[in-house]
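Next come two complexes built around chain A: one with chain B, the other with chain C.
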Partner chain A sequence: MSLSVVGHIGKGTHTIPIDVTVEAGEVLGIAGRNGVGKTTLMETIAGIVPLLSGSLSFDGVTWDDASQKVWKSPEQRRCAVVFQDLRLFPHMSVLQNVMFGLRSRGISKNEAQSTARMKLDLVSAEHLVHRKAMGLSGGEAQRVALARAIAAEPDVLLLDEPLSAIDAGSREQLRSVLADVLSAFPGVALLVSHDAKDLTSLATRTLTLG
Partner chain B sequence: MKLLPVSDTEVSPRILKVSRGTADKVFRGVVLAGAMFSVAVLGLICAFLLYRGFEIFKDFGFSFFTSSRWEAAADDGSSPAHYGVAAMLVGSIVVATIAVVLAVPFAMSVALYLEYYAPQFLKRTLVSILDLVASIPSVIWGIWGYTILMPHAMGWSKTLNHWLGWIPIFKVPVPIFERSPFIAGTLLAMMILPIITSVTREVYSQAPRDQVDAAYGLGSTKWGAIKTVVLPFGKSGLVGGTMLGLGRALGETIAVYLVLNLVFKVNFHILASVGGNVASMIATKFGEAGPYELKALMAAGLVLFLLTLGVNFLASAIVNRSKKIA
Partner chain C sequence: MLAILFVIAPLLSVIIRVPWSDFWSSLNTTAVRQSLVISIQTSLIAALLAAVLGIPLSWWLARTNSKVSRVIRTICIAPMVLPPVVAGIALLAAFGRRGVLGEQLFNLWGISLPFTKTAVVLAQVFVSMPFLILAVEAAFRQTDEGLEDAARTLGASPTRIFFSVVIPSVRPALLAGVVLAWARSFGEFGASITFAGSFPGRTQTLPMSIYEIASYDYRQALVVSVFMMFVSVAVLAGMRESWASGRTR
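After this line comes the complex of A and B, so read on.
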């Protein structure tokens, strides 16, 4: 099982050449200066932004190919993203947020609920289960966003600066939680970070864009 | 760095005294005058209607709202005048409710289609058509409703009565299906569809793109993203648009006059040829009314005015509440 992206990514006129293959069990760290296209790469893999040229495939199945006019919609790719700005659904409870990916994939409500609780427990956020996402602190929201992504049981986990918006103490704590999650994750993981410590402690190898 | 102790009195809120420039003062005065002018017009209309209709409220009291009789005094003085707006008030609410119930699901679907599914060229064309539909005069709607819609709607009424006649509102005491509240409501639904669609589409277009992408980023379908992000976000806009439509439906005169039988009887059987609303009743009676009946029509006008005002206040309250929840 591997993810391969070869071609050009970008939004508007800014294009970035890319050629990368990531195997299952690997955590590819992605570094690079601001605006170089790290987030765009994540969005391209998740199916939010189309590839400009080339192809993107996972496990032998083409997800996006500009020349062949192949494009699989986000629900047809088993990806989950932790966005840099988290993007929890503010009107929903923590539990509903974490259940979202599972419910999107047609999992029954009861099963989704128990899986969501388990994942919240995994990131030490079980106590937040009934809280509204809107009132969470930075560290709490970060944990919930992580739980929401892994609860969807994706084949490709995309982490866009998952530790950037929290204070130093919480960051250390969450880094160790993330290390546990990633070591147990069987699929392909990509981790964008500006912090060398995140990349050395969490990624198995690093790609620098730009 | 050493932090100084701060007493409670030192942290009480400051009252700022702002010294504004002349241009700012003039602009402030102009916009204040504009805002006050609309409030004054509203107040004057209300005062005028109350002044002209006061005698009726004094003579009939609460029965003006509860009675369905609308009878001028006999010329020979054998029977006194009796005026009550209950039937027309109920008629206004029934017809407007039918219009809203039929229009809202369509308006939501059209707004979502235009904003999230339609290709650009089709979106532009459909938006222009909707704007055009919104500008069609009521009398044209009325004529179209009478000549084209009614013959078809009578067939739909018969079908509804045949299959759902066991539900009280679909019962018909006498099998006459023309000029019913259902037909008037259907026509009004078409008339208010553009305004509800337009407001709803505008709000849906402002749904936070990053939240929609977050839904996609977790493997959601487009409908899943719409259900999770766009619909909750656009709830207040939908309510606002609906209330605007309801306001128009409550006050619609000429179109309703052409497709609804004016009968002074409280009627909840929407397929029956019995009904009327306050606005069309005023239009019907105004030309032939004597001085005392004219006062009764002014009082009815005030009731309609306050009802519409109430709906708008309710809309503002609902919109504010859903904004707070969102």
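After this line comes the complex of A and C, so read on.
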């Protein structure tokens, strides 16, 4: 299993060339200055933004290729994203947030609930299950977003600055949680960070954009 | 100051002039009871229909920005500024026995809409839906599309996203839209009396009943008016209450 992106990504007039292949089990760190297109790369892989040219494929299946008119929508891609702004569903409880991906794929309520609790346990957030997503602190919300992403059992895990919204103390803690999650993750993972320490401790190799 | 006085004076005057001693006996007549039941039935169905029809339309209007959608928005909002009697005439022209669509309805299925309870509901939906569309479309425009993207990456279908992510985020506006549409339907007079007539026990709603009563018993008309006023204001106050609490949540 591998993910490959070859071509140009971008939004509007800003385009950047890209040529990268990531194998399952790898964690590719993405570095680069602000505004260079790190988040755009994540959104392109997830299917929120189309590739400008070239081809994006996973495990031999093309997801996005304008010249071949191939386009797989986000819900067909099995990419889970921890967005930089998290994007938890504010009106739902923590448990409902984490169950969302499982329920969307037709998994029964009971099974989704127990899986969700397990994943919350994995990120040390099991005590938050019944809280509303809206009132969580930065660190709590970050954990829940991580649990929601891995609960969906994705092939590709995209982490956009997953440690940026947290104060220094809990940052160390969450970094070790993240390290455990990533080492147990069987698919392809990409990690965007502006912090060299995150990249050296979590990524298996790093690509610098721009 | 003058504005407040101008609004309050008529409302207060009704209350002052109401013959409180025979309040209950004036309300508790067959005609009033019958028309109250019809008003409640028709206005609730109308608000529900306005929501069922108006919500998808508002969603489409919020998410498309073409010349066509702008024209359609203007047309759909128009009944709000139309004189109600004109709305009634327009409905007759469309759904009347010899109306553009009504003639077909009658010839094909033997359905005749004018002067039925269905006609009352149609007239109410016609004039009240714009209120719902205005409230709900504005809310749809302000929803966070990032949340929808997140839901899509988690494998949610468009229908699931609409019902479990979008709708909950516009709930206060939705509630306000439905209540406004209901209030407009509850008070509807001009369009429905033109299109449905004022037949006691069949199509006569409370406002029509007041109009009729006023022609022979002004005092009783005052009582029924003040009753309608209380109901409307109570609902409005209740809505503001839930709106405020929805915002602080």
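Everything that follows uses one rule, which is that the second predicted complex is superposed on the first by the 210 of 210 C-alpha atoms of A that agree within 3 Å, B and C clash if a C-alpha of one lies under 4 Å from a C-alpha of the other, contacts with A are read in each partner's own complex, and residues count from 1 in each chain.
The rule is short, and it goes like this: contacts are C-beta pairs under 8 Å (C-beta built on N, C-alpha and C of every residue); 3 or more make two chains touch, one makes a residue touch a chain.
A quick note: this is a predicted structure, and the numbers were derived from the prediction, not measured.
Peer 1: Will chain C clash with chain B on chain A after the two structures are superposed, or do they fit?
Peer 2: clash
Peer 1: With both complexes overlaid on chain A, does A:205 touch chain B (first), chain C (second), both or neither?
Peer 2: In the superposed model, A:205 contacts neither chain B nor chain C.
Peer 1: Looking at A:75, would you say it contacts chain B, chain C, both, or neither? Reply first, second, both or neither.
Peer 2: In the superposition, A:75 touches chain B and chain C alike.
Peer 1: Contacts for A:152 in the overlay, against chain B (first) and chain C (second): which applies, first, second, both or neither?
Peer 2: Touch status of A:152: both partners.
Peer 1: Pick one for A:87: touches chain B only (first), chain C only (second), both, or neither.
Peer 2: both
Peer 1: Look at A:105 in the shared chain and tell me whether it touches chain B only, chain C only, both, or neither; answer first, second, both or neither.
Peer 2: both
Peer 1: Is A:197 touching the first partner chain B, the second partner chain C, both, or neither of them?
Peer 2: neither
Peer 1: Could you name the one stretch of chain B listed in 3-11, 57-65 or 165-173 that collides with chain C in the superposition?
Peer 2: Clashes occur only in 57-65.
Peer 1: Indicate the residue numbers of chain A shared between its chain B interface and its chain C interface, in ascending order.
Peer 2: 43, 46-48, 73-75, 77-81, 83, 85, 87, 89-92, 100-101, 104-105, 148, 152
Peer 1: Okay, in this complex, where on chain B does chain A touch?
Peer 2: 210-211, 213-222, 224, 228-229, 232, 325-326
Peer 1: Report the residues of chain C in contact with chain A in the complex, numbered from low to high.
Peer 2: The touching residues are 144, 146-147, 149-157, 160, 164-165, 168-169, 171.
Peer 1: So in the complex, which bits of chain A are touching chain B?
Peer 2: Touching chain B: residues 43, 46-48, 73-75, 77-81, 83, 85, 87-92, 100-101, 104-105, 148-149, 152, 154, 158 of chain A.
Peer 1: List the residues on chain A that touch chain C in their complex, please.
Peer 2: 43, 46-48, 73-75, 77-81, 83, 85, 87, 89-92, 100-101, 104-105, 148, 152
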